[in-house]
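Common to both upcoming complexes is subunit A, partnered first by subunit B, then by subunit C.
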Partner chain A sequence: MPLTPEIVGKLHEATGARNVITASEELRTYECDALTAYRAVPGAVVLPATTEEVQAVARICYQAHIPFVARGSGTGLSGGAMPVPEGVVICLARMNRILEIDFPNARVVVEPGVINLEVTGRVAPANYFYAPDPSSQSVCSIGGNVAENSGGAHCLKYGFTTTHVLALEVVLPDGTLMHLGKKTLDALGYDLPGVFVGSEGTLGVATKITLRIVKRPESVQTLLAAFHSTTEAGAAVSGIIAAGMLPAAIEMMDHLSILAAEAAVHAHYPDCGGLLLVEMDGPQAEVCALMEHIQEICRSQGAWEIRLAQSETERALVWKGRKAAFAALGRISPNYIVQDGVIPRTRLPQVLTRIGELSTEAGLRVANVFHAGDGNLHPMVLYDRRIAGQEKSAIALSERILELCIEAGGSITGEHGVGEEKKHMMSKMFAEPDLATMQRVRCAFDPQQIANPAKVFPRPRLCGEKLGEYTPHPLELAGVAERF
Partner chain B sequence: MPLTPEIVGKLHEATGARNVITASEELRTYECDALTAYRAVPGAVVLPATTEEVQAVARICYQAHIPFVARGSGTGLSGGAMPVPEGVVICLARMNRILEIDFPNARVVVEPGVINLEVTGRVAPANYFYAPDPSSQSVCSIGGNVAENSGGAHCLKYGFTTTHVLALEVVLPDGTLMHLGKKTLDALGYDLPGVFVGSEGTLGVATKITLRIVKRPESVQTLLAAFHSTTEAGAAVSGIIAAGMLPAAIEMMDHLSILAAEAAVHAHYPDCGGLLLVEMDGPQAEVCALMEHIQEICRSQGAWEIRLAQSETERALVWKGRKAAFAALGRISPNYIVQDGVIPRTRLPQVLTRIGELSTEAGLRVANVFHAGDGNLHPMVLYDRRIAGQEKSAIALSERILELCIEAGGSITGEHGVGEEKKHMMSKMFAEPDLATMQRVRCAFDPQQIANPAKVFPRPRLCGEKLGEYTPHPLELAGVAERF
Partner chain C sequence: MTHQGTETLRDVRVVEPESEEELSTALRCADRDGLAVIPRGSGTKLEWGNPPARADLILSTVRLNRIIEHVWADLTVTAEAGCIVADLQRVLTPHGQRLAIDPLWPESATIGGILATNDSGAWRLRYGGLRDLIIGVTLVLADGTIARGGGKVVKNVAGYDLPKLATGSLGTLGVITQAVFRLHPLPRKTRTLTLAPGGMAEAQALLLAIQDTNLAHIALQLRCGAHRDPEMDILLEGTEEGIEAQTARLTSLAAPARVAEGPTNVWGARQEIANHDAVAKFSVLPSKIADTIGAIAAAGDPEWRAVVQATGIGWISADAALSRLRARIESEGGTLTVLRQSPGAAAIDAWGDPGDTLPLLRTIKQRFDPKNTLNPGRFVGGI
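After this line comes the complex of A and B, so read on.
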């Protein structure tokens, strides 16, 4: 259904005219998220300020069969917030209040537009923090984190967003308000907060989110270990986990990403083939004892230089280099694709070797930065768009790498989501009955499929549709996004 | 639909005649689980040995519109495995193989009939264990644990069953086989393992379950602290958590349950008003340091006796008393109701006081044993069935206690499930749109609602049914269980 002036009028009534954007040059701002390769111009962007306004907007879209896409800060890497052409974007930036801080129960209630790092900022004085820490945490929103089930370096020990979301107030696509989960642990009934977190905007819009906050550990130590190769570094990772230790973070960088990070932020990383960054936190007694053990393991696997950060400043610099690694690649390559795949930790050496071979075959450099502890790789394929055909082969290579992850018993995304970018690969991971059930679950929330349709699933499926039969979905015929 | 001889014949073909029970005296064995107050005699019990046999049985039931209930060891406390009268019970006791043990990735793949404690038994030689530890762990099955999202004393630190189930092979009610989740963490798509775990048999039958196993901690210390009252003990619990420590377990017992445990297993508990059992595990350095701190906190809250278990034997005895507490009540009361409710940890003192008042008002003794760390209460209402009207008031009291949990911002079940027992209370916890969405999710798996129908939800809802409208469900008209 087109976005008629009458409907725009209704949106004006719902949120106030000044919070509805329809001027084409302003709409361009919202044509993509951090995955800039896919773009589509929406018909309107609404900025509601309250749950009631979100409900009103949803009702308008539902009654007119107009698809909408919820958007946080637009830092997503899989195109999850890319608009439907001519559809509505519900931008939650104005819903950015921290509604409640309950220290005795270690709970915080926020609106979706609250910035990830702001939560920690607010609870830090009482010695708490919010654990999930995507590299974009200084700009990304909690609502976006919920949509993508965002991870981060410290999720090895603390778990992903889903571990930290206890309850949600959700506006269903028809405008109905529902409440998922409870402030207490182990809520009863189906674990709907679990389904909603990571549903990439396809089930509705979260308007209130109850988060768990964590007591800041007594002490933190961060270690840098330099190896000749990522294979050696990988063996050290296995050694650490096999010893039964659970560091707060185990990050690995290969030579190329070290060069990039150095060029960008001068983190004083040793110039080596494989760099391991291990952080332990907890009671002082524990951290000191285990750091000793970790250093032994690293040495035994061939670490030729080991450094313990001696101050908070040193520690911050170590992390600055790691978190800047993606952006830093701009220093050494005109263009690059950041990939996101998961493999069983034990397959690290084989997969890395194979990535090296594929990179050589394709004649394209691949930099590897990853959360080694939970086998979440971020291979980055470097290329130059100006050279004819190179972007095409870069995309081909990055997809080949994802297939490699699947072959190794892993998956095509750890924390960036499927979104627009990877939906065509879902059938490589899931059988038809699995995808069909997921889509029927979606229909339980969104019978009209107007909430971020045409994302995540290889093809939208009508809610009435039986397994096996094939009814083309309107959006499918329309053809959703233009690829740049 | 009745269970005709023709359908029984098909069941014979599906699993072999010897694995189909139809003799009424044998069927009686399956008329209830550990919640004996609700009973119903099934039309047939089938004992499949393979996934294919489960699929065949499901197809037969689906085609004939015959409801089925999956059953593990029948130790459930909410009547989740109670049959539908004249329906089919799928007993998974024969599917009891451990299919794969993958130490490098810390994963174990089991069939649903495997006994909880057997998993730990098999991985212990390599110094691993399976964390969720319901008191019934020596007899309950993993399949049942999955259905109820079972907890246990150590779930405070290690999390409930849902934290430890990574992937599932599931037979849908129509016989379709589907796969949920992955061996790796942070699987993509909707978190369907999360929905399935705790769905109390209403979404299908799990036939293969991939579990996470945990490295056994370097050291364990168990402390007993005797207080004058549960209020003092509760204050100590808050103190421990507020200090940022996360013990493996924090259990509390009141005077009545201490007496019962003593009478049953002579655990040598101090005779006190409130007993705290705190277990710390982890690296030796950590455990020793923190146990010191915990003892200080207990003393500062009025603990007049503190004992550290000096040997594995002593430790085992301490736990034996705690785990025997339910059964032990038989020593001091002819009948009792074990309840299961959750409250925010911070509300412990108020809620316990109020339970005491309600107990006096009703003239019935209430013993309290609970997982204090996560606010999961197990109040046990003692009564004598032979005294006219006493069972009725015992049930009324235990329901009043659950309402108290809801009023305190908690829930009506922590780990025992809703099942048959508490479905009528769901509307006190969830608004109609919340329940409706849950039931639509159920329809995504089970459009005919033949998998354990008439459980969990206050009333079955037909899949086509719109919110607000009311179409009586066949089972509702039939009237499901007889109350004894």
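After this line comes the complex of A and C, so read on.
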């Protein structure tokens, strides 16, 4: 249904006219997230300031059958916040208050527009931190983290966003307000926060989020080890895991990504074929003992340079290079695709070799950054859009790499989400009954499918309505969707 | 001993499928014929939840008990639902690994059973609950659909998190036939410390003080009961050096209470409580533990006992005034779930108030099991 002036008028009433954007040049700001290859211009962008305003906007959309997409900071990498053409974007940036900090129970209640790093900033004086740390943490919002179930380098030990979200106040697609989970553990009923976190905006809009915060460990040490190849570095990772250690983070970078990171932030990384970054935290006596063991393992696997960053400044520099790795590629290539796949960690050598072969075949460079501890790969396919056909081959190569991940028993996404970019890959990873079962969940939350409707799943599918009058969906009439 | 929950199941026929496909067929046929199906593992927690409204068939997973794949180098394991927890741990131990959960009755409880009931023990403080350990699930829905969610890798955000949806759903959405878990290394050394903090107020203060440090303890519990002062147990794991240093810090933190190395069987206190005739589980904010224990003591059961973890989750054996206790705990934002009621006690709803989510819980149930075939009436809000 089009966004008529009458509906825009209702949106004005809901949030105040100055919080509704309809001018086409301003709408362009919202046409994509950080995956800029996918764009669509929305009909309107609304910036609600309260839960009630979000409810009012959702009700207007629901009654008029207008799809909406919720948006935080727009740093997503899978097109999850890309608008529906002519639909509504609900931007939560103005809902950015930290509402409650409860140190005795280690809980923080925030609005969705709060920036990830701000949470840590506010609790740091009492030596707490918010554990999920996506590379974009200085700009990405907690609401967006909830939608994507964001990870980060330290989720190997501390878990993902879903581990740290205890409760959510949610506006369902029809405008109903609901409270999923509790500040206490094991709320009654199904694990609704578990289902909602990572649902990529398809089940509703979170308007308040109760987070768990974590006490800063007594000591943190970060080791940098240079190897001749990623194979050697990978063997060291296996050695560390086999020795029964669970570091806070294990990151690996290949030669190309090291070059890029050096060019961008001068982290003083050694020029090597495979760089390993291992962080251990915990009681000081424990960390010291285990770090020695890790150094032995690295040396035995061929590490020719090992550095131990112990001061906060040294550590920050080491991490700066890693966290800047994506953006740094801009220094060595005009365009690039950041991919996000997962493999069982032990398959790393074979998959890397195969990626190398595919890269040669396609004549395109691939830089690799991994969360090596949990097998999360970020291959980055470098290309030049100005060369005819190169973008197309880059996309094909990047998808072939995802297929490799599926073949290896892994996943098409470890932390960026399916969004718009990978929805067609879902049917390669899951069988039809699996997807149909997920659809049952979606239909329970959003029978009309107006919340981010065209994302995550490979093709539109409608919910069989149990009650009320049957009205065929426009997609059904057009023959592009089936009712089930 | 027959409890209220199991009486209705006494003469019910049992089906023991040998494969996922057989289980799917059995369930589909039962659903088609309008039979009510009670999924069962070893039956250790069959009386948890409300008594089923109907019961025509018990669908047992005992023969689905294989460990499909233990990829030790990836720290993952895939096991069928009927696999006994202790059997699984015995396969993992030689590789220096474990599933980091300490459920009730591990020698008889099954993987499917602990998942369906979301049972977790003292280790939850450090390792999280089953929701944090499960990474993949196979669920057979009432209509026979075999659905998989998650996968075999620890980090994975593709699609909705069906493993979490299945965890704690008490078999009302589908029958879990297989699960994939992330594993943890076995600790190099462990040490249990025990102390008597004094009264409940001192215990509460010390618990919060310890939680506010950067000690890396695995578990922290309080054991309480009628006519005795609370005792606190702390579990440490790691290297000898790490454990020594943490013991020293705890000793100074707890003073004047004396910290002693305790017997490991203190961690069996939860199971001792769960073996009683009348058992309830509660979950409160960690800062409300003393208040809650005070309310339990005042409720009037002369022989009450309780174990509370620093997570705020606790178990009590007490029959008296559970409704009043629940109202009190719910008013503070917590929950009280009755796991087992003594024969002859005045029956109360097992669950309590799920808040404003009830319509959504019902809709999810309806989408998964429209004919209300699976465990009818046992779950929250009559689901």
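Criterion: the second predicted complex is superposed on the first by the 463 of 484 C-alpha atoms of A that agree within 3 Å, B and C clash if a C-alpha of one lies under 4 Å from a C-alpha of the other, contacts with A are read in each partner's own complex, and residues count from 1 in each chain.
We adopt the following convention: a residue touches a chain if its C-beta (ideal position, glycine included) is under 8 Å from a C-beta of that chain, and two chains touch if they have at least 3 such contacts.
Remember, it's a predicted structure, so these values are computed and weren't measured experimentally.
When both complexes are overlaid on chain A, the residue A:Thr360 reaches neither subunit B nor subunit C. Within the superposed three-chain model, A:Asn127 lies in touch with subunit B and with subunit C [touch as defined at top]. In the superposed model, A:Leu290 lies in contact with both subunit B and subunit C. Shared-chain residue A:Glu148: touches subunit C; no touch with subunit B. Taken together, the two complexes place residues 104-105, 127, 149, 151, 155, 160, 162, 172, 177-180, 182-192, 194-195, 197-199, 215-218, 238, 242, 244, 282-286, 288-290, 342-346, 374-376, 409-415, 417-418, 426, 429-431, 433-435, 437-438, 440-445, 456 of subunit A in contact with subunit B and also with subunit C. Listing the residues of subunit C that touch subunit A in their complex gives 71, 73-76, 96, 118, 128-129, 131-132, 139, 141, 145-149, 151-162, 164-165, 167-169, 173, 184-186, 188, 208, 211-216, 238-239, 241-242, 244-246, 281, 283-287, 311-313, 333-335, 337, 351-358, 360-361, 363-364, 366-368, 370, 379-381. On subunit B, the positions that touch subunit A within their shared complex are 104-105, 127, 149, 151, 155, 160, 162, 172, 176-180, 182-192, 194-195, 197-199, 215-218, 238, 242, 244, 282-286, 288-290, 342-346, 374-376, 409-415, 417-418, 426, 429-431, 433-435, 437-438, 440-445, 456, 467.
Those residues of subunit A that touch subunit C in the shared complex are 103-106, 127, 148-149, 151, 155, 159-160, 162-163, 172, 177-180, 182-192, 194-195, 197-199, 215-218, 238, 241-242, 244-246, 282-286, 288-290, 342-346, 371, 374-376, 409-418, 422, 426, 429-431, 433-438, 440-445, 456, 466.
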